[in-house]
């Protein structure tokens, strides 16, 4: 079951609200279980790079069924997934801020947030995740 | 002046409402004056192809400062813009459903709609355009 | 619900059997409901181009929820979807040989066949489709 | 001499059987001596990222005529092949799980496996390799 637009909007609204609260202008992307885009918003003043990075974080989190922050240590030199970020034609992002989203029957998609520090991006993404 | 997220959301909400009213599950994309994505929604049941096509229609409409439907006749064999759709690394779309969005001081971005017939896509995009 | 590997294998085996029967060395690709590859086989002697084209036919059929042969007339000069094939970053193929695959609850994926004439490709794909 | 589909299927079946035995849902890809895809299967529940990674592991193993696990130490910072993974338009993968496949007269192709740990991926790929 893919995420519905209703749920995606709820996730997006919760994430935008958190981003406003902590004053971190962000791009926020939601993909479905097939890694296809469902909803996206870029807040005023967010870095342009946050567009591509937020979408790629969501894509990566669903590709790996892991948070992108959990991937970060695994791709360091000498670690098991070193080089992962160039394995797809689509960009993968191995920086924190992407999380899988789960429904009753398993993973339904993923959220990716970019624009602030890793800590801010993760806090915003988790606020979205809580709203599923 | 680029479009603000507030205006983009208003445009998106008006377009989604129109798409629901005429029962045409759609993807709807808003780009800013730099052709960069601001907001996007894919309604439940919309064709997957509508993701790429709606984003590309918005991108194309702002690239050319024309509605994509006005571009259609110009790219036919023998016509002045024949081949236009392959001139960018980003896909351009020469099918109706993309429109520039204007503010007080000129063009602020564009909207692209895909998922239905050209007529439906244009009707939905125009409902969005009216909400700027 | 995406297609399972069991069903995909059954579809693939039926398609390969038909391709052998009519002596048309082919590539055959199955994608799931999110357009992601599930199973693929290239028969001995099949054109190398059939790799990319069969995968893109399956991708296109699921993107549009139509057979790629039904798309062909719609993308001709002057027709409503003229230019469709360049709207995605992924190649779309608007040549017959791609068909959606349905399960109990709707579309579960798609099959794409390439390597022979359009008629041969479609006959092979339909033999696969019948095995779902 | 490239690998035949018959051999590729035998390799694939042996690899899938091993993946089932050790309960590691995987994608498994076979390429020929020209690095072109011959056969592919993604097991139910395998990570989506395993699609791209398994295909790229097979591509890399045949590109270098080495197992991808043997490439891993050579691409670390300060080592001779540092940066190898971004040298092709096609993604290369420098993580274990890709192996060349040999016939009577030399290398006929390669296998790539992804979805589990490096150890699991290699074990599955070797089970396939044994079936050539």
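List of remarks:
Letters A, B, C and D name the chains as they come in the text, with residue numbers starting at 1 for each one.
The definition used in the following text is that a residue touches a chain if its C-beta (ideal position, glycine included) is under 8 Å from a C-beta of that chain, and two chains touch if they have at least 3 such contacts.
Since the structure is predicted, the reported quantities are computational estimates derived from the model, not experimental observations.
The minimum number of touch steps separating chain B from chain D is 2.
For the self-contact between chain B and chain C, the two sides draw on mostly distinct residue numbers; the shared fraction is below half. Separating the CA-averaged centres of chain B and chain C is a span of 29 Å. Inter-chain centre distance (chain C to chain D, centres taken as mean C-alpha positions): 25 Å.
For chain B, the set of residues that touch two or more other chains comprises 48.
An unclassified topology is adopted by the chain contact network, corresponding to no line, ring, star or complete arrangement. A complete list of chain pairs in contact reads A-B, A-C, A-D, B-C, C-D. Partner chain D is touched in their complex by these residues of chain C: 4-6, 8-9, 34, 36-44, 48, 51. On chain C, the positions that touch chain B within their shared complex are 34-35, 60, 62-65, 77-78, 80-84, 86-89, 92.
Per the touch definition, chain D reaches chain A in the complex via residues 47-49, 52-53, 56, 72, 75-77, 85-86, 91-95, 117-118.
On the chain C side of its complex with chain A, the touching residues are 2, 32-36.
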